[in-house]
Structures are given as C-alpha cells and as structure tokens.
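Input: a single structure, listed below in structure tokens.
Naming follows writing order (A, B, C and D), and every chain is counted from residue 1.
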Amino acid sequence: MSFVEYSDCIRDGDVAIVYLGHESMTPVKVKQGAQTQTRYGVIRHSTDLIGRRYGSKVTCSKGGWVYVLHPTPELWTVNLPHRTQILYTTDIATITMMLELKPGSVVCESGTGSGSLSHAILRTIAPTGHLHTVEFHQQRSEKVLEEFVEHRVDHLVTVRNQDVCKDGFGVSGVADAVFLDIPSPWEAIKHAKAAMKKHGGRVCSFSPCIEQVQKTCLALSDHGFEEINTLEVLLRVHDVRTISLPQPDFGPEPSAQIQPDSTVKPPQKHTSIAVKTTTPPREIPGHTGYLTFATKPRT
Amino acid sequence: MSFVEYSDCIRDGDVAIVYLGHESMTPVKVKQGAQTQTRYGVIRHSTDLIGRRYGSKVTCSKGGWVYVLHPTPELWTVNLPHRTQILYTTDIATITMMLELKPGSVVCESGTGSGSLSHAILRTIAPTGHLHTVEFHQQRSEKVLEEFVEHRVDHLVTVRNQDVCKDGFGVSGVADAVFLDIPSPWEAIKHAKAAMKKHGGRVCSFSPCIEQVQKTCLALSDHGFEEINTLEVLLRVHDVRTISLPQPDFGPEPSAQIQPDSTVKPPQKHTSIAVKTTTPPREIPGHTGYLTFATKPRT
Amino acid sequence: MADNVDDDSLYRIKEGDYVVMKRGDIFKAVQIQTKKKVIFEKQWFFLDNAVGQLYSTTFELASGGILQPRKPKDTESSTDTKGAGTDNRNIVDDGKSQKLTRDDIETLKEQGLKGQEIIQQLVDNSSTFKDKTEYSQEKYIKKKKKKYENVVTILKPSCRILALMYHGREPGKICHLRYDTLAQMLTLANIHASSKVLVFETCAGLVLGSVMERMGGYGSVIQMFPGGGPVRAGVESFGFPAHFHDMLHEFPICHLNALLAGTLDTAAKDSSADLKESDLAAEEKPEAEGQGGPEEQSMETNIGDGSHDPKKEEEEKRREAKAQEKKVKQEEKRKKLAAAASLLEGRNADGLVIASRFDPCPVLMALLKFLSPSRPFVVYSQYKECLVECYTKLREQGGTVNLKLTDSWLRHYQVLPNRTHPVLLMSGGGGYLLSGTTVAVELSKPAGSRKDEEPAPKRQKVTETEG
Amino acid sequence: MADNVDDDSLYRIKEGDYVVMKRGDIFKAVQIQTKKKVIFEKQWFFLDNAVGQLYSTTFELASGGILQPRKPKDTESSTDTKGAGTDNRNIVDDGKSQKLTRDDIETLKEQGLKGQEIIQQLVDNSSTFKDKTEYSQEKYIKKKKKKYENVVTILKPSCRILALMYHGREPGKICHLRYDTLAQMLTLANIHASSKVLVFETCAGLVLGSVMERMGGYGSVIQMFPGGGPVRAGVESFGFPAHFHDMLHEFPICHLNALLAGTLDTAAKDSSADLKESDLAAEEKPEAEGQGGPEEQSMETNIGDGSHDPKKEEEEKRREAKAQEKKVKQEEKRKKLAAAASLLEGRNADGLVIASRFDPCPVLMALLKFLSPSRPFVVYSQYKECLVECYTKLREQGGTVNLKLTDSWLRHYQVLPNRTHPVLLMSGGGGYLLSGTTVAVELSKPAGSRKDEEPAPKRQKVTETEG
C-alpha cells in the first residue's frame, strides 16, 4: 500500500480504510497483533486484515461485517484527523486540473494544514515530481510529515516549518505550480513568483472571503501574473429516492358519454403512484472558498 | 384592461400582449382603425382585437395566428421598452415578499428606470396603496408616467424627477417599504429612513457589485436598521426534452447457460431507448444583483 | 418624535391576536392568551405582559415566565466583531481551531438555525473536537447562545415571516416549499386584489394565507381541498381581520367530477337528501394521510371500550343532540358548497395556485378548466419529474402558452468588513415550479366544451382515414 | 535573470508540434506545419514564424498572414478600467445605456465567449438597441475587439486548455462535459501514474487524453471503444511524446461478450480465420451515429454510379492491393486485440472512466467486471436520469460502495476595484457524475462468479412458490 500506488493485499504497516456503512468509514493503521474496535465488534489485524485482499468483506467479532478499502487521497480527505479546516475533493479536483498538475510536476504549497490537498497533489505528481510544502505551525508540520511517512509518500515531499509570507517556500526557480491557502495570500505572491520556474507556471489561491480575493488579485496583477481568474465551484449531491405520490379523489366518474373528450383518466380512490426521483440534502455547503488562478509568464 | 384589474374583453385604448410563439411576444396599443404588422401578417385592431376576449386566437392576414393576452406586470417585464437595465421577475418576486408588500402598502422606489418593478409593486399594493417613485433622469420619468397612464395605474403612483441621494423621496413618515436600485444606495439610506413610517417597515437595496453591498450594509447599520440580510436568487430553467440514448453493442450474446447470473440484459444492436429528461440552457444568468433587506425599527 | 397615540394604537398587541415569537431567526406562531403558558425554544413563559405593548417589541424573560419589555437602546451590537482577523487556520494557538467564526455563527442564526444546530455546526467545524483537546470556543458560543435565550421579540405575522418560520421549523408540513419559491408563485400567478383565485394546497394553509394576504380582502379565493376538510392552521396564524374570511370559499375536490358533469346538486330540497347525504358523507372522512386522522380514530376506540349499560340512555341523548348538530352543520356545508360551486361554474377564475403532496398532474388538468383564457397558473412540486409530466400533458392538450419549468437557487451572504462571504450552508433545494398562461381552447378541437361536440360518426370516419 | 539556453530549448515551438492558438479566451488546437494556412477566428495566417519561438509567446498578425512575436512589455493592461463608476443606470446621458461594462466584456472574454457572442451580449444588454437610437458603445466595443483580433498566442496543450477549448467551441463533441466536471472525474477515479485504467468515451478523445496526461506515460490505459474504431482527435491535440502511446491499448466493445464468455479467439491461426474475419468485420462498420458514416456511404454510391468498363481491370488491381493491405492491417489489429484482451482478462484494472453518448448503464455493468476490488470508478452523463438508473442497478446488484450522484455548480467572478461581482453569464450545467468504489463480490450470492451456480430446478421452485 502507498498513497501513490495500488497493492492487491493488505500488509503490516499499511493504512487501510474500514468501510462501516453509508458515509461511515475510519482509517486503521494495520499492525501485526493489533486489533480495532468497531460497532460491529473487534477486527483482529493478524487474521482479519494482513494478507487479505483490499476490498474484502471482513466479519467482525459480533458477526457484523465491514469492507476494508485501499486508501486513496479522496478517502483520506473524508477520514483524516482535522487539525485545521481542510480542502475537500470538489475544490481539490478543480485545483489539480487548473494548476495543470501531472507526473513530474514540482509544486509549492502553503499552508500544509491537515494535508488533505497535499496527498492529492502527491498522488498526481508521483513518481517523478516533488512537493515543497510550508507550514507555519511546528506541531502540525511534524504531524503531517509523520503521516507522509506512514503513507509511503515521504520521498516525494519536503515539509518546511516557516512563515511563507516572510521566508517564502525555501526553493527558487523550480516550481511548475504554487498553491496558497493562507490568511494573507497577497503577502506571499512575490515568494510564489520567486519559487516558480523561469519559463512560467500556474498559481492558485484559496480564500473564503471576497476581500482576500480582491487583495490577492491586485497583488497578482502587480507582480505581472496573467490570466487572473476567480471562480467558485460547489458540489451538489442528488439522493436517489422512490417517492409515493397520492392521487387526488375527484369523486365518482360521470359516465363516459358526458365527457368523452376529457384527458383526465379516472383517478382511483386512495391510490398512489411510485416515482423515481432525486432529492437534494436539506442543507448543502453554500461556500467553501473562492479559487483564484493565474499564470506566471516567462520572466 | 388595467395592470391592476383583469377585463374579459379587449377595448379601444388597451395595451395587449400579442403572443407570436415560444418566447416571442410584443405589446400593442389597441386603437380603433389601427393595424399592427406581425410576421404572420397584419392584425386589424377594429375587427381582430376590439371586442374579442383576451386569450383569443387571432388569425392574421397571411393566415398565421397569434394569441392576444391580457397584460400583467410579468408579461410587461419581458416586453417593455428598455430604457435602462431592468429587474426581472425572479428578483421582483423576492423583493415583493421580503418587503411585505400587499394591498394598501405605501412604497417608495428609486430609480424608476424602465418601470419593470414599478408595475409589479402597483399590482400588489392596489387598490388602496400608493407608490412614490423617484427618477433622476427627466426624460425617463416622463416616459414612465406616460406608461402608467396608458396602463391605467396612474392614480396609484406619484413620479418625481429628482436626485434621491440629495433630495430624498419627497415624502416623510408615510412609507411601509423602500426600494433602492441606484449606484450609491448608501447615500440614500437616511432618506429612506425619513420616508418610512414611524412604526417601522422594510427596506431593500439591489446592487450588482459586492462593494456597493458592503457600503450599504454599513450605512444601514449606522442608521439603526435591523435584521440586515443580503441574498442572491437565481432562476434555473429546465427545458423538457425526450432524448434518444443509443445502446452499446457488445457483440453476439453467449448462450444463457454460461452466464445465467448476469444482470446485463442482451443489448439489441444499433437500438436506442427514449428517455424523458430536462436540460439546462447552455448559458444562464449567473448574476443579476445582490438583494439586501433590512427592517427599520420603531423610531 | 413625540408619541402619537392614535398611530400607535394600530400597532399594539391585543389579547386574542395571532403573533409570531422570534429569537435570533427562530420563529414560532402563537395566539396571545392571558395566563396561558407558551413554550418556545425549550423555555416556558406567559405572554400576558405583551398585551398593550407595541408589535416588534423585544422582551426579556424574567423568573416565573414573566416578559419584560427591553429598553430600546439594549439592541445587540455587532461592532465587536468588525474587522477581526480574516481566518485563523494558520494561527499558532491550537485552541482557536474552530473554523466557524462568530460572524458565521451569527449568520447561521440569521438563517434560522436553531441553537442546537449551531452547536452541531460548531462541533462539525472544530478541528480539535475529534482530538478532544479543547472546548473553550464552544463554551464561549454556548454563553453567546444564552444571551439570545433570554429574549423574545413579538412580531405581527406576515407572509414573509410565516414562510420563513415554516421552512425553518416544519418544512415537511409545507412540502418543503422554500420562501423564495412561494414568492415566485405569488408573483407568477399575478395574485392581487379584486380577482378570483383557485388554490389547491396541502401546505398547512401557508399558501392559501399568502394568497389572501396579497388580495387584501378584495375578491374571492376558492380553496379546493382534498379529504375531510380544508387544513388552515397556517391561515389562522396570519391573524387576518374578520372580513378577510368573507372572501374565502371552499370546495371539496371529491365533488369535482360531479361539478364538471353538471350533476352536483347543491339545492337544499328534502327530496334529494339521500343523494346529498352520501355526497356530504364523503367529506366527513378524515384526510387520508392527515395529521388529525389517526388520533381521532384512537379516541373513538377508547370510548367504545369504556361504555357501560347505565350510561346508555345518556349516550343516546348525546347521540341525538349530535345528530341534530350534525344536521345543522351539514346544512351550513351545503350552503357553502353551493356558493363555491356557483363561483366555479362560471369557469372564469383569474388565477390558479397548486402546491400539494398529491400528484399535481390530474389536479392541474382538472382545475385549469375553471380559468378564464389569458390567466396565469402556477404549480409547485417538490419533485421535478411530476412537473415534467404536467408539462408534457399540457403540450399535448393545448390551451396554454408560456409554459416554464424552473427552480431557484438562493444563497445568503455574510457582509462584514474584511470577512464578506456567502453563508457556509445553503438550502439544498426549494422545489420546482411550472407556470404558464391559459388561452382560448380551439372550438374545432375535440378538447373543446360540451356545446360544440361534433357528431360521433364523422369523427370516427376521420380516425379511420388517418389509421 | 540571464537567458538559459538549455532550459529554453524545452519550451521552443518545433515543426510538427501540436499547439493551441489563443486569442482572448478563444482556443483552437492545430499542428505546426510550415507553409500551411491556418484559419482562426475568421482570419488566416501561417505558423512558420512560430517555429523556434518559445511557447506562450504572443504574436501580432502582419499583412500576408505573417506572425511577428510581440514585445513582452506590450501586454494589455486593465488599469484604465480600474475604479470607474459602479454602474451607469442612473446617469443622464442616454448614450451610456449599455448595461454590460467594459469589465464585464473582458470577463466574458475570459470565460471564452467569442467576439460575435459578445456583440450579441452587447445587443441584448443595450437599453437603447430596441429603440435604435445609439450604437456608439457597440462601435467602441468593436474597436476593442479589433485590438484582440490581430494577436494570437501559441500555447503548449494541456488538459486544462483543451477542456476549456472543447467546452467553449464544440461542447456537442464532448457530450457537453464541462471542464470542472472532467476535473472531478480525474480525481474521483484516482487517476495516477503506474495504474491500469479503463476508459470508455465518445468525447473526441479529450477524456482519454486527460487520463493519459495524468498517468505521464506510466502504466496502461485501455480504451474500450464502440463502433468502427477509436476516436482520438483529442488525444493527438495533447501532443504527447511518442512513448506515451506505448501505454495506450484499445479494445472494441463488440467483442466484449465474447471476452466475458471466454470465447474470444485472438490467436493468429489460419484455421479459425473465418470466425475472426467475421469478428473483425464487425469492427469495420462505421460508428452508428458517427460523423464519418454518412459521408463514406455517399462516396461509395458515387463510385458505383460513375464506373466504366475500361477501368474495371485497374480497379481490380486496386482491389487486390487493398485486400493485401487489409490483411496486414487485420493482422495488426489481431495483435492489438490480443494484447488488450490479455490486459483485460486479469480483471484487475485500477480504475474505470465512462463518458459517452451511449446509455451508460449497460456499459458500466459490463466494464465494472474488469476492476479489482477496492478501486474507484466514475461515470459521466449529460442526463441525470441515466445515472439514476445506474445507481439503482448497482444497489440491486451489490459489489460497490460509496455511491454518489453529483453535479457541480461553477461560477466565475469579475474582481476589480469597486466592481466585483459574479460574471453575468454562467454555464447552465456541466453534466452529472456517478462515482463509487468496487468491493469484493460475495461468493455465496447469485450475483457472484460462474463457479457457484445453484442447480436450476431448485431456483425455479423458489420462483413458483413466490408466484
């Protein structure tokens, strides 16, 4: 198992995702001899996990069963321990495409936060790219590095614990893309530019507030960035349902001779028809943040 | 005919809406002896319109036919001569409810513009309410008054040609609701407050840009308005269509004994199935403006 | 600004008034009754002290459930949160790991989220909650919530407030009709004074009340109702003046086929009593899936179980009295039915509004027949598929133009210096609308009225030729 | 910042390169061929002068269709529009009745609107157009448009640029798949290097190319294709290095049933030639509704009409040569087919991506069988109803978890001092996605593999009992 390459079977030291049911999962560090409590009972790693194929159904001690899934950055995003606000898959997907990430890309990121985006970046730039990620908060930067090791992606990433607005990314002229998710992105634009390849590249800034966007766009423009474009992308989930639609009762149908031209078919009393439809969740995310993209031209 | 009361039949002097086909209509001033050219030929008012029932099918000189509709504020909104940017029905509906308009309401509005909202307000506050509408631009204020007369709603409205930011609405302590659609709404908040009833009421400001909204919210707060709430409402149209979905050809089906458990039904070659669905228009309005509502407390 | 007594008298809360209580953006409708305990947001109190006060007054809750008008200057100020840091994701202190800002929370309240839901939001958005290291922010918020918990504002009801209230508290009762969708309906149907409007709804009376508010007591509204009787709890909450109810008529849809066929007999002749008895009996049935139904039934069962012989006579008397009462009621109903039927028989209504849990297609097809040509109609459904069917039927049938199937997208904003952004949660959907305008039905078409039926043989011949 | 020749050589435009031309936000893919006229936005020119220049260079069009690199300082500045009035609705001068601001127009361009469409927008948004009093703004805009019309930028292709290009120019060719939806697909399917991915698409190769870009030449992609042959115009436009094509395999879905039944014979033995001939002949058929189909047919007809006796011999020779050629091609095809079949037979693919104009349900059900357990799949459809059916089938059948039916809402913003607002037009919809993860199929279930078939009589008995 690694976050950048699939394995067929679960091995000692892997991180596996235990699927407990609809929208209920939990990550598990697989360890010979260890066991994990779930609502369906205990999972014994040595017998229930190690050597089994990813995707297998595992029966727990209480007789209930779970599926054990291979980790992916997307499963990690919905299961990781939150140490900060995190980026979710809808924004991550848009960022990945709009930054033109691919195997071999060199990327700078700040802040690292809980590593939600970092894992997705690493997946995309492996096996030949590199991620330079900067996190102001020492504890957090140590924790995320630990995770990178556990997830077997540490060879693809350098974690730096510094203030990106003051000290930049610690590299210059190497990045194809820069991503900013910090309170004052406009203060880091000059460092983003310095970190990027002479030939140019792409930059993205994520900000929840429009005032941050306004300042960032001005700074991007002042630093000669081009194709500045701000967008917002929201996910809409459609829950598939079959609903039962009661039919109205208009009373006894008059004989057909009176209204031969009626298009209304005789409604049967107290009947209902089934209709397959989708319904939205009652409440959905109305905002995550604005994504501002720009191109650094050749300098 | 009047914009605030239905009539059954078309009379001389009415304004009627000629429905030519899907999303194609045109307003016509009905006049004894006059005639109107359409793509289907001439409509002779004396014989084809006057005395006919609203909603009738009228055959034009070239043999084509049209429907003649009773005017409503909503039909007017999509058919009026644009002298300015106008408000559309989705925003108008939200404004009407959120300002708590009803028969008897006294409303102040600025600017009048092309009168799209004004007609909807008049419809709702008739027969006992009054609209005080202020338009900076003289020509426009004269034109809209002409229309109010033609539409038989002039007894419900006073048009003032002045600068609302400097001179206010020309009334004080009478309004239940105030609506602002001007470039600098924050400059008119004090006048809005002065125009409103002592007991209080509702105010709404429509602005396309967020900076206008920010300044307006600050001004509303500074003038003691409460329940300040900014929202955006967008209409989504769903075009009903039946689409033809080609079925894939997986080649000759192996005998049933080999895969009796397959859930895939044998696809018939080169066939397709019909599915009833809706599609969105390729492009839709992505923004009209932000609507900011607030309550004036008792003063 | 001296107090003007005449002016204010219009705005004073009176006993018996229907009012709406408000805290943050939680609303609850209630009637003012002295010495009656009300419960709002898990606190109980008496509204006695509200009587005589002005509408929109904010009260503080004192011990013993007593309301005390708050000093006008005591309104909450939001200046303390102005211009604070933009977000705290990269701040060193782990304690500030709550991603919801105070402003966000205030905005959640503005949206009508309940305190408990806000706490849930806080938990969901806390980066430390999972790690169980820190609850101080939450405690702070709970304190903040307390601040809201001891005040209540008494408002005069309105379509806006009641639509917000139902959507926030009991969306299931109004078929998840969102307030902005209701706003579209009232406008698309051109609801205004002095018109004749048909309403078919199972939205607790909210839609009917909103239509009545927009008509201001002028004109007539005919409520077409399914099942045992019209549901109007929502209409009461509007607190309309008595004369508003004069414009309200009702017609049970179980008589619709009879009305359309011309066989509905509403005259009060004894000779036809049998027929009408059965007709009216149909109305007595409780609504198929109504709230009242099951409760009523279980009560009857209890009475049955506990009956003794000595009480039989008394019971018989009661039954007779009941029967008499029933007769009077039925006579009233008969008159009402006759009045509504005569309003419908002209088939000249000015507008039609449908918003129900029933399949809208048969309802729309039946009720459209009662509209004049060139009049608007609007149908609400929680499900798009239902309206696609209506659309298709209408296109097949003719008689309507300007058909439009829509929904609306609604988002609220937090507007604060340096922290302006859309509210983090929005409604998933507000339901769908189909709107259109009636036009005259072609006389030569088979879909025309009874008068101009073509001779049957001729029509058959045409069919044969085409086949 | 001195020029580094080594560095730059990677970024120089070479003859034969696939590039994308850009003006405003209009894109067009083209191959660099010297002395070949290209047409872009109704202007023709030669790309000869682009050879040797760096990618992302902007050229000016000189007379005779000659490109001249623009001076780097000459980039368009938007400072002249900064901080202008917020809107001009209430300005006295009627001439300023255009509701679209210049910034709006620039933003429209940013969105990829064509000049003509922008003019249309201007007309639609002009308050005076209907009254025919004023065209000066429009003229101004036309001038502004001219400014864009004499420059062209040459870009290196990428998934982002090609997705924007197709969505803006030819959405019909890519089933109206919006770029952000494509982005979701690549992420939801966990596309990355060193995996084995199945792709079924009729999006001109855009989806296939995007998958290949994300795999960087590592791993394998098997294109499952319908009809006569895989459509890959879009893949070419990516301009991948040659070794990328080594990872690309193809398998015609008309052999899918045979492959699943284990009856597909891909060995090159003469004895089974008949069978394979017919198998391969199936591939030769033009795609049912493909663009090429009708044209080909009409050409054949023409030849038939115009044939003369003296030319018959020549024709026969040609036919023989063609037959020989065909044989060689078929042998190649057979080898390809064998290679793809052996990749599929392991039923251990790592990902599945479907985006086509075909009914997705049978395609999904068939192709899911080739995935390992615990692997992601994603299906795109322009129509939600198709994916509802897929969802229902999958829930019935089992073998998948985390099913999610979604679409996304995308809006661009104009960010300018004092005139920040969402762009006035947005895409109506970007299509729908169904995504999920495979899991191991229960061995005891009837939906399992062939091994555990229950005896037929027993099963029939159960059916009878139920009936």
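Methods note: contacts are C-beta pairs under 8 Å (C-beta built on N, C-alpha and C of every residue); 3 or more make two chains touch, one makes a residue touch a chain.
To keep track of the chains, here are their UniProt names: A, B = tRNA (adenine(58)-N(1))-methyltransferase catalytic subunit TRMT61A; C, D = tRNA (adenine(58)-N(1))-methyltransferase non-catalytic subunit TRM6.
Predicted model only: the values in this text are computed from it and were never measured.
Traced through touching neighbours, the fewest hops from chain B to chain D number 1. Spacing of chain B relative to chain C, judged by their CA centroids, is 24 angstrom.
Chain A and chain C have Cα centroids lying 39 Å from one another. One finds 48 Å separating the Cα centroids of chain C and chain D. With touch defined as above, residues shared between interfaces to two or more other chains in chain C number as follows: 384, 409, 411-412, 417, 420. Looking at chain A, one finds that residues 210, 236-237, 276 touch two or more other chains. All chain pairs that touch, listed by label, are A-C, A-D, B-C, B-D. Here chain B touches chain D in the complex through residues 81-85, 111, 113-114, 136-137, 139, 181-184, 207-212, 236-237, 243, 245-254, 258-261, 263-265, 267, 270, 272-273, 275-277, 279-289, going by the rule given at the top. By the touch criterion stated above, chain D contacts chain B in their complex at residues 85-90, 92, 94, 97, 99, 125-131, 171, 226, 253-258, 260-263, 279, 282, 288-289, 357-359, 362-363, 365-366, 382-386, 393, 396-397, 411-412, 417-429, 446-448, 450, 453, 456.
Chain B makes touch with chain C in their complex at residues 4-6, 8, 19, 53-57, 67-70, 72-75, 89-90, 92-94, 96-98, 100, 102-104, 120, 123-124, 126-128, 198-200, 210, 213-214, 217-218, 221, 226-240, 276, 278, 290, 292, 295, 297-299. Within the complex formed with chain A, the chain D residues making contact are 1, 4, 7-8, 10-11, 54-56, 72, 75, 78, 110, 158-160, 163, 179-180, 182-184, 186-188, 190, 192-195, 213-218, 348, 350, 372-376, 384, 388, 391-392, 401-402, 404-413, 415, 417, 420, 432, 437-440, 442.
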